[in-house]
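In what comes next, chain A is part of two complexes: it sits with chain B in the first one and with chain C in the second one.
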Partner chain A sequence: MSLTTVSARVPARVPEGGHPGCCYNPRVAPMHTHRRRGRVAGSVVALSCVVILAGSVVPAQEAQPPSILIARQLAALEGIAVGDEVELTSGEPGSATRRFRVIGTYEPTPNPLQLGVASRGIRMHLTDLLALTRDAATPAGTEHVEGITIALQDPDSTRAFVNDVNARVVGAFALFPGQAAGAGDTFVVLERFHMAIATVTIIAATVFLLALTVMLVDERRATVGVLRLIGFPAHRILVQVLIEGVVLAGAGALFGLALAVASEGLINWFFQWRYDTALIFVHVTPTVALACVAIAVHLGAVATATASWALLRSGGLRLAKR
Partner chain B sequence: MSDVIVDAANVSRAFEMPAGAVVAVRDVTLSIAQGEHAAISGPSGCGKSTLLHMLGCVDTPSSGTLCFDGSDVSTLDDRARSRLRLRQIGFVFQRFYLLPMLSAAENVELPQAEAGAAKDVRRLRSIELLEYVGLEHRANHRPSQLSGGEMQRVAIARALANRPRLLLADEPTGELDQATSEQVAVLLDRVNADGTALVIVTHDPDLAGRARRVLTMKDGQIEQEVTR
Partner chain C sequence: MNALACAWRSLVRQPARSGLGIIGVAAVGALLFDMLLLSEGLMISTRSMLDSMPFDIRVTSTDQMPGRGPDIADGPAAAAQIAALASVKAVTTLRREDAYLMRGDGTRAYGSVLGIGFGSGRPWTLVSGTDVVGDNEIVINEFAAQVTGTDIGASLTVRSNCADGATAPPAMEFRVTGIATFVFDALGEAGAGMTDTSLAEACGTPGAIPADFLMVQSTGDATSTAADIDALGLHLQASTNDEAMGQLQQREFTYFRQISTVLTTITISFALLLITVLLTVSVNQRLGEVAALRALGFSQGRVVLDVLWESVLIVGIGGILSLPLGALMAVWLDGILKRMPRIPADLHFFVFQPEAVWIHAALMAVTAFTAAIYPMVIVARLPIATTLRNEVVG
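Let's turn to the complex of A and B:
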């Protein structure tokens, strides 16, 4: 989920032709500015919605209809090219169709819940959306929008922007991306799922590591016995075995990480290809890497200490005699 | 410093077993002095090895007191007792107990390394000791490449590595043939002649006969003592 997105709940009326948000921060520009100046990385204030394509692609006409962006997948699915004009309807019975001009495609924000479902999303100006979806009974200027998503050019200004909106606009609540109702639900579920997998994996790995170290230490019974007989104190042997265990666990963790990093690209490539999505499936972050190594090293230390403890309780003679 | 290295007063050792305690050593009083050459013999299972292990601080008495250099061993913690074993006592076992992954020289270096000797010092001392036991040409060989007699000589060299005051040998010729046993016996005599107190546990009357003091055990007790 992008950190650059700010969700603003605007229960107040949106004046027709107005672009809520643009007046709050000069960095936020409406979409047509984006088009006029021909900038690629402009900020967008618009609503993402799915509108039913009412008709097929219509030939371009003289008077320029309002512009829209369409999802890459939709463009491919319907054979729409940039510059084409399309007619859209809200899908309500009896609703009128309106003509729009496709000025570009966009990559929809990947949504794990819609994996394998081609996006039919369209992005348009808020005013166009209102005009398209307003029913005949609703007077212009009385529509409600629940929320709009705002992308900032400078993601670091999110906090300042949110504070600014909340301070200046009565009745509007700017929220951080994770706070927007429903925004994080998918990811919360996914995170829990990942946490469950990680927990099971770590428990299994611990059992495996413990078994491995017990074997490793047990193999050294005779050696440890001889060292004890010669006059090596127990703590010296424990430290030695502990170092070995930690190094072993650390090396294992690093190997696992190297494997994960090496296969990260391959896994992402495959699933992105398979589901035609920009969703990132595997991402080994420095935090994840550090956590892996830290957990492994601690587990290694605990496992070897546990395995050695029983061993060092026996006398040197008994161990050496085996 | 007193002449006595190790002093056992009324020591007993019982092993608690599910079927009842096995008393291996019963109320034995014995002291070993500087430079002494003693042998302990007796029938199998009479407690010779158990007594030797207590003298060498490898095992602790169930009752009685055992003093090494005047200090009660039972009051020492693992660190202090290990230090005693490392620096004051050399142990030679019937089964050699060499580390198979180390060469003869490395086996001899091991106790010196633990005692903190510098690398070049311990290298030199290991070669010296291997020369002493007549195995300098096998310094880089692993135990698996040596014969039983050779392994026992390496084990003796290792036991002498930190110049111990007391050398304890449990059946040092138990796994060797007559001729090889004789070589090892001569070597042990020499160690003793060079000033190290020596206590040997053996079934071999020839080996026991070389000692000036011969103790005979029976049922965990010293039944007879002959000094020549």
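Let's turn to the complex of A and C:
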């Protein structure tokens, strides 16, 4: 199954009452632009604010009010429990209120850009949202939605479907899932930023490693001198030193990885608790682990070879101080 | 020879290892400096941008930042009520929508259009030409002028994509009256400004003039003016620049503050560990030399001070080098982060502030001292006779 998105100001033509699969999720619905997403999210926040003002629990009525889901954080903040009834309004002065029944809570999709902000989101049926926000001048069924998420049965037909919609439907833009995510570019940039910082850190670590290796090799000056005097060729000693460096670097890298894996859970637990989010902050993937080991081993080898080279060019007698 | 001179000679005697140690400290120190600049950079930069605008209070429909919440349904009506307050000097309505700016030959640029109404305040600075005064007039930024090849006096067609506009808004023709810079211009994004009535027509809803927010200039005390606006009972939220900054700090900039804190801690720990190892290995290689100095009459405090000065020299020289290096890195990293979509060109993530230099110096000083503790203990507890004997036998 493949997901794609048609994003436009498409007139809503949803049967009154909706259906179970029509639950509208403004926080995760892909939008065409940041602004649109912001607007919908903002509207739902506004609705949520009214929940606070109206008081959470309303006496139960005989007729069953429409159902909604509320974000776990909002439920905790306002003391709203499953089964409670709440009143919502669009927030416009003089706008009507509608009663809803909370049938559950949900965990909002984690968003790194909303770190530290308690989610105050609500999920409801699209028809209920339209009815709540529709002004008196707008006939029912002529409202707009900002995006439609479509699941295709044949994932390979995504491109053809997108092209087809864009060619045939006036005023609507079909987007690929990656494009529809909207904030994708932001995270690509953040990844570049992290990579830049990692590069600087690696450079600093390399310099320190080189300094340490120079010192350690220097410490073994006399031993190397004796080896040269008893007939070991320079390249043979260099290979030995190189292997030693690779083994040490490999062991160091594995220890670092073990430390990272061991602390992964602890770091995630702390920050998830600190920011009340399901966001994963640290994740050691096989790719990352392999990259770390590869970088460390290569750096270790290069640092050892570089540090040893000057030493091995000296004569055996000089090294052995004889 | 005093301790400082002695430590200097120790460093000069082994230029390779000393040089590498200093370069390593410089690299780590540069990263530390950058993280200090990042921790407050966005706040300072945003504050500077807000202060540069001709208003000190923004009025929105909810407690969300402008553009994030619902529109103010009737911008001019709300503005008129607020303008009647004695503590208000000026009010301007602002609406922002996405639009294509197109030339007749098909060249076009996608960007944002601002619709301004009610007051005379403008969120742009005119570079050339004249300001918009009536309908069907538009000012554009230099990027839009370059992309579309438009100059003052030329015609430009605007096809808007409004959040609350018509399904198929009309393509409207405007006359370019001027080139302007917009405070929140993003890099590589077209920007334009027109009257709110023109924008309403471009959106296909000429009867409705909503506003994203109202820009209010107080006569002096922004806080009391905001309170006056709240007291009007318009169901709107008035917030001063200080309050807006508080919101941003709490909601928007958390990620960069956190990454700054985490990386500051990591770089300090990294520097501490590595300098300690460098000094410890260095001292261990010179134990015989130190024992000889003690035997010659150098006091325990004196040889300990030599090690401390050595640490101070490595960290001090590296720290000084790290400042220009950090400044260059900050420009590079700022350039990377500014490629995020919709980041205003004038906004900077890394902003220089004198406090950052002092904090950097203090952290480096603490690092130099802490890193020297273990090697100093080794030197202080060195058994002179045993060490000299081992040196001779070895």
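Rule of thumb we're sticking to: the second predicted complex is superposed on the first by the 227 of 322 C-alpha atoms of A that agree within 3 Å, B and C clash if a C-alpha of one lies under 4 Å from a C-alpha of the other, contacts with A are read in each partner's own complex, and residues count from 1 in each chain.
The criterion applied here is as follows: a residue touches a chain if its C-beta (ideal position, glycine included) is under 8 Å from a C-beta of that chain, and two chains touch if they have at least 3 such contacts.
Model, not experiment: these values are computed from the prediction.
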Open item on the list: Looking at A:D154, would you say it contacts chain B, chain C, both, or neither? Reply first, second, both or neither.
Closed with: neither
Open item on the list: By residue count, which of the two partners contacts chain A more extensively, chain B or chain C?
Closed with: C
Task: Contacts of A:T223 with chain B and chain C, given as first, second, both or neither - done: first
Open item on the list: After the superposition on A, what does A:G231 contact: first (chain B), second (chain C), both or neither?
Closed with: first
Task: Complex interface listing, chain A residues touching chain B - done: 222-223, 225-236, 315-317, 320-321
Task: List of chain A residues in touch with chain C within their complex - done: 9, 11, 33-36, 38-39, 41-43, 45-46, 49, 90-93, 112-117, 144, 170-171, 185-186, 189-190, 192-193, 196-197, 200-201, 203-205, 207-208, 210-212, 214-216, 218-219, 275
Task: Parts of chain C lying in touch with chain A, wherever the complex brings them together - done: 16-17, 20-21, 23-24, 27-28, 30-31, 61-64, 67-70, 73, 96, 98, 163, 165, 167-168, 234-235, 250-252, 254-255, 258, 263, 267, 270, 274, 277-278, 281-282, 285, 329, 332-333, 336-337, 339-342
Open item on the list: Touching residues of chain B toward chain A in the complex: what are they?
Closed with: 53, 58-59, 78-79, 82-87, 89, 91, 93, 95, 97-99, 110-111, 114, 158
